[in-house]
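There are structures below to look over.
One chain, subunit A, links the two complexes that follow: it is found with subunit B in the first and with subunit C in the second.
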Partner chain A sequence: MPFAQALWESLARDSRLVTPVILLWLAGTLMLWPLGSLLLKRMPKDRWAFFTVAILLLSGWFVINTPNAIGFADMFRVDGVTKGFQILCIAAGILTVALGRQQLGALKEHSVEYYSLIIFSISGMLLLVGATDLVSIYFAVELMALCVYILVGYLRTQERAVEASIKYFLLGAFSSGILLFGISLIFAATGGTTTNLERLGQAIALAPGNQDLLVFSGVLMVLIGFAFKVAAVPFHMWSPDAYEGAPTPVTAFMSMAPKAAALAAFIRIFGTGFNGVAENWIAPLSFIAAASMILGNIAAFKQQSIKRMLAYSSIGHVGYMLLGVLAMDSQAGAQAVWFYMMTYLFMQAGAFAIVIYLQGANEGERIEDFKGLAKRRPLLAFAMMVFMLSLAGIPPLLGFFSKFYLFRLAIIEGYITLTVIALLTSAAAAYYYLNVVAQMYFKEPGEAAPPPVCICTKAIVALCSAVLLVGTAFGPWIMDWVGKIVWG
Partner chain B sequence: MFTEIIEILDRFLSFFEQSLAFLGHHLFLIFGLLAIVASVTMVFAKNAVHSVLAFLATMICTAACYFTLQAEFLAVAQLLVYAGGIVVLFLFVVMLVELSRFKENRLFQRQTPLAMFVVLLGVVGFLTMFRRLIFAPSASEALTLSPELAEGLDVAGQNAQAISRGMFTGYLLPFETMSVILLIALIGAVVLAKQERV
Partner chain C sequence: MIMVSMNTVLFISFTLFSIGVLGVLIRRNALIILMCVELMLNAANINLIAFARHSGTVAGQAFALLVMGLAAAEVAIGLALVVSLYRKKDTVQVDDINLLKG
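And then the complex of A and B:
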């Protein structure tokens, strides 16, 4: 059978590209059955955290050793950008598992399903960052997002978790519909032959003149779909509620991993696929970026809850990162966004570790609860200060360098107005970040004795602040190393 | 007398034939319009059972659309899965759950004017788009499918074969991803509905 033989050969050739994904799928499925429900039923549930971390580390090792190639009928491509963002997603997953272990244990909400959902979600992200076809991009987005919808509603006895989950699910499904509609319009406008990004780029250029409007609406709808996924203004409505209602480790996960993956796909779609019709999306995307920077940072001012504040600030950060998408040079854009996302990941993970510590101490998640932390836990307070200053982009911390490279790229590409807006808003953002620092250092603590710090929190805070502080020393050179990773 | 009756009958028959031919050529449009009407009915129906029945009609009309496009496999799958399975499940749920409580609850009333405006804007936008697409000078050329795809439609007799080939060659990766997505839906239902966790 020549057909079957050819099929088998191409499968054997292409499956090398997705070994980490296959590993995650196998592990996630086996965890549910028979390991979790039959063989290792007696094992304490929090041990699964170590298992998950081990699996994620193994898949990270596979990612590094994957050959650079294109496969699956040009639907999946492994190159430096793919590998770089895949490693970011895996790192975010490991940090999430470490963040959640103690809190879930305290709530008695450990289950195998939680970890397997994280694993499946990361497998979707790994597929998304390498996808080079609108069809594979769509399915990878769905796989990634569906797991996160469920994780948001994981604490299903809490009313706000259920509300956040339903809100996120409905808006997410709606945005997926818009994304799919946009894809079908583009597919029709280019003659209905291909959804591959590179061929689509050529086909769009050759499309007859009266298809302009069809291409325009299609590109705009894809843009809207992805703006929903990265929570950019004006499609950010779900994000503060979902962030607040989700379990805090999941909030951290949502602010790191899906954003990294969606931004990578964003760069790939608009950098390679829709490069030829840039005049269709430059203006709307510039508007989205500027609105995200302004509204995200302004709305963060008056938030009482630190989770909501971090949600709005992450909207602002997405606005900055969209500058990298706007830079038509997709390699340089990917490089700058990768570096920004990498530092953002460590800052967010560290900040959320401390928020989770305070929650475990029976204090809420309000910014006031940080008061006097410097007297009670000087080291934690110092680390939190590092994270906040770095998020604000104050030199010489690593957050400053990541902003610097991104803004420099934007200036080189000629987005002067946007860069000015970005600079102004990041200066304004320093206010609410420094507010947290002021609460910690200049307010008197409450009476209650500080609870012990769990080993996971210690490890994460130490790791993240070490990365930020050591990275600071190498700031000027770090971009060259990033270049080596992303250029593959 | 007799010949006159024959003539009238003949004329009537030819008119009938013509209109049948007209309908036959525009079956896709007719079923598409019916599907839209049914889906609008579904959204606006006051009674939940009527809503589900309208949903059923939408699904059947969509399947008919697939038939007119010569995608028989897709049409049968649509009928079996949606019209046969899912809608019946919906009916069960609607009949089991007491919905009268929600009747008087007029949600989102404040946003109605804004929503109307947005919908109007969308309608105008799409009408503009369709006008430009259909009445533009080179419309007939641009709206025909590409030769490769037209060839694919010629072999519509082997519809199921074409789909299965696509699934296992060009679209293998999305197909496998979809199987995992279905697994996730299953896990999600268990996670959100299971009673105790430890």
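And then the complex of A and C:
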């Protein structure tokens, strides 16, 4: 059995590259396994949260200790970029579990499935950020997305959750069809020889005949598929609905982890794979980036719901991060996007922690609910102000620093017009972020007594605001550190 | 054996793909939209298999097999979501789900 033997040998050789993923799969499967839940029947359901956090921390440790190498027939590559984004995804997972514990407990919706879906989704992201072949990229994207579709509709007794998950699913499946057809066209353009990102450029050049149209439509369809995944204009219409309808911890999760993973794949595909055919995608991608910045930030102006507002603002932020993809230099781009995504993660986690806290008192959905928070909970209001100002990119905070770094890269690469648009829109965005601050500080609070703050919320809010406040002081040191991580 | 030119394959797969896309955009029944998404995936499968055969490698055919497995998983999740929608709202028409907007 030479085939089986070869398979076994390659598995034995390469499985060390994906130890964190294997660990997550084992844990997720064991959690779903009937026998496992029977054995642990007496355990209170919310202990699964601790178990999940422990597993995620363990897999994070494995990620750090994975050797840098390429494996699985060049389909998966571990390097600095992979590790950096993998750590971001795992951190987002841990923050999500911590965010959701209280609310899910109050709704009596704790279940093993919720946590195992998060674990499976994160395993998909870990694969996605390291994938170096269109095949592995496609399946990793789907593994990540299929779990998130279910998570969005997790509170299936709520009408709006079901509606959000149906909308998200139909558009997501549609976009994955487009993505797959694009991949098949590129495969056709290479004459059916390869889908590997490193070899694509050469294979396209070698293929007989005139392949321009095939390459162009293939690249464009892959671009559309990924624009759907990161919710960039004009393929963003699912995102505000899915954000609003999903349970708030899942909304936080969606705005952090899948975005980080999809952007990493974006950089890898377009920076490495389609580098040689750049004239096909630079103009459409510039348009998508500019449209996301403008439309995302303008649509956020008139939102009443804070979840919708954050959804539109995240569309704008994706527009900024696409500047890093446009940079063509995949290392420098990855570095800037990684740093932006890391600060974004802390800002989002903190802001959603406060939204979830207010939801505990049956409010928090609307921006008006923040009215007078400064009088009722001065520390929380201060932290929310830090998150909002940092999202807006006001100088002393880390959010300014990450924007500055990204825009500087865009200017170096010669995207002057796009950078001007980015600067203008981020100045305009300050209006709706400051609106929340104004509600908290200059409006009188309602009658209701504020609910107690749970320890998880406190911890997350304290951690995130501390990072954002103190981060800038250590700016150069942080940039060195990011450089070390991403350059591997 | 009849040799089919690669342009014919591309034409057929593109036609199939267009039918799928149009179906998703025009039809309002969630189940039919799901079927049209399957058409899109199968259009890609035709390309993958034909070009893998054209170049004499098996990687593309393996990819197509995996895509079929994935399509099954996707349909399983999609149908589950449609069932939960039907239980909630007694309809599978996507025009009737309009709670979230703005």
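To be clear about the criterion, the second predicted complex is superposed on the first by the 471 of 488 C-alpha atoms of A that agree within 3 Å, B and C clash if a C-alpha of one lies under 4 Å from a C-alpha of the other, contacts with A are read in each partner's own complex, and residues count from 1 in each chain.
The criterion applied here is as follows: a residue touches a chain if its C-beta (ideal position, glycine included) is under 8 Å from a C-beta of that chain, and two chains touch if they have at least 3 such contacts.
Computed from a prediction, not measured in an experiment: that's the story for all the values here.
Residue contacts after overlaying the shared chain place A:135 against subunit B and subunit C alike.
Of the two partner chains placed by the overlay, only subunit C lies in contact with A:303; subunit B stays clear of it. Using the contact criterion defined above for the overlaid structures, shared-chain residue A:109 touches subunit B, although it does not reach subunit C. Contact with subunit B, but none with subunit C, is seen for A:211 once the two complexes are overlaid on the shared chain.
Judged by the touch definition given at the top, the superposed model places A:5 against neither subunit B nor subunit C. In the overlay built on the shared chain, the residue A:156 is in contact with subunit B and with subunit C. Of the two partner chains, both subunit B and subunit C are touched by A:192.
When the shared chain is aligned, subunit B comes close enough to touch A:25, but subunit C does not.
Subunit A residues in contact with subunit B (one complex) as well as with subunit C (other complex) are 135, 139, 142, 146, 149-150, 153, 156, 191-193, 214.
Residues 125, 128-129, 132-133, 136-139, 141-142, 145-146, 148-149, 168-174, 177-178, 180-181, 183-185, 187-188, 190-192, 197-198 of subunit B are the ones that touch subunit A when the two sit in their complex.
Contacts from subunit C toward subunit A in the complex involve residues 6, 10, 13, 17, 20-21, 24, 30, 33-34, 37, 40-41, 43-45, 47-48, 50-55, 57, 59-60, 63, 66-67, 70, 73-74, 77-78, 80-82, 84-85, 88-89, 94, 97, 99-102.
Contact residues on subunit A toward subunit C in their complex (touch as defined above): 135, 139, 142, 146, 149-150, 153, 156, 159-160, 162-167, 169-170, 173-174, 176-178, 180-181, 183-185, 187-188, 191-195, 214, 240-241, 244-245, 302-305, 308. Of all residues in subunit A, only 7, 10-11, 18, 25, 29, 32, 45, 72-73, 75-76, 108-111, 113-114, 116-117, 120, 123-124, 127, 135-136, 138-140, 142-143, 146-147, 149-150, 153-154, 156, 191-193, 208-211, 213-214, 217 touch subunit B in the complex they form.
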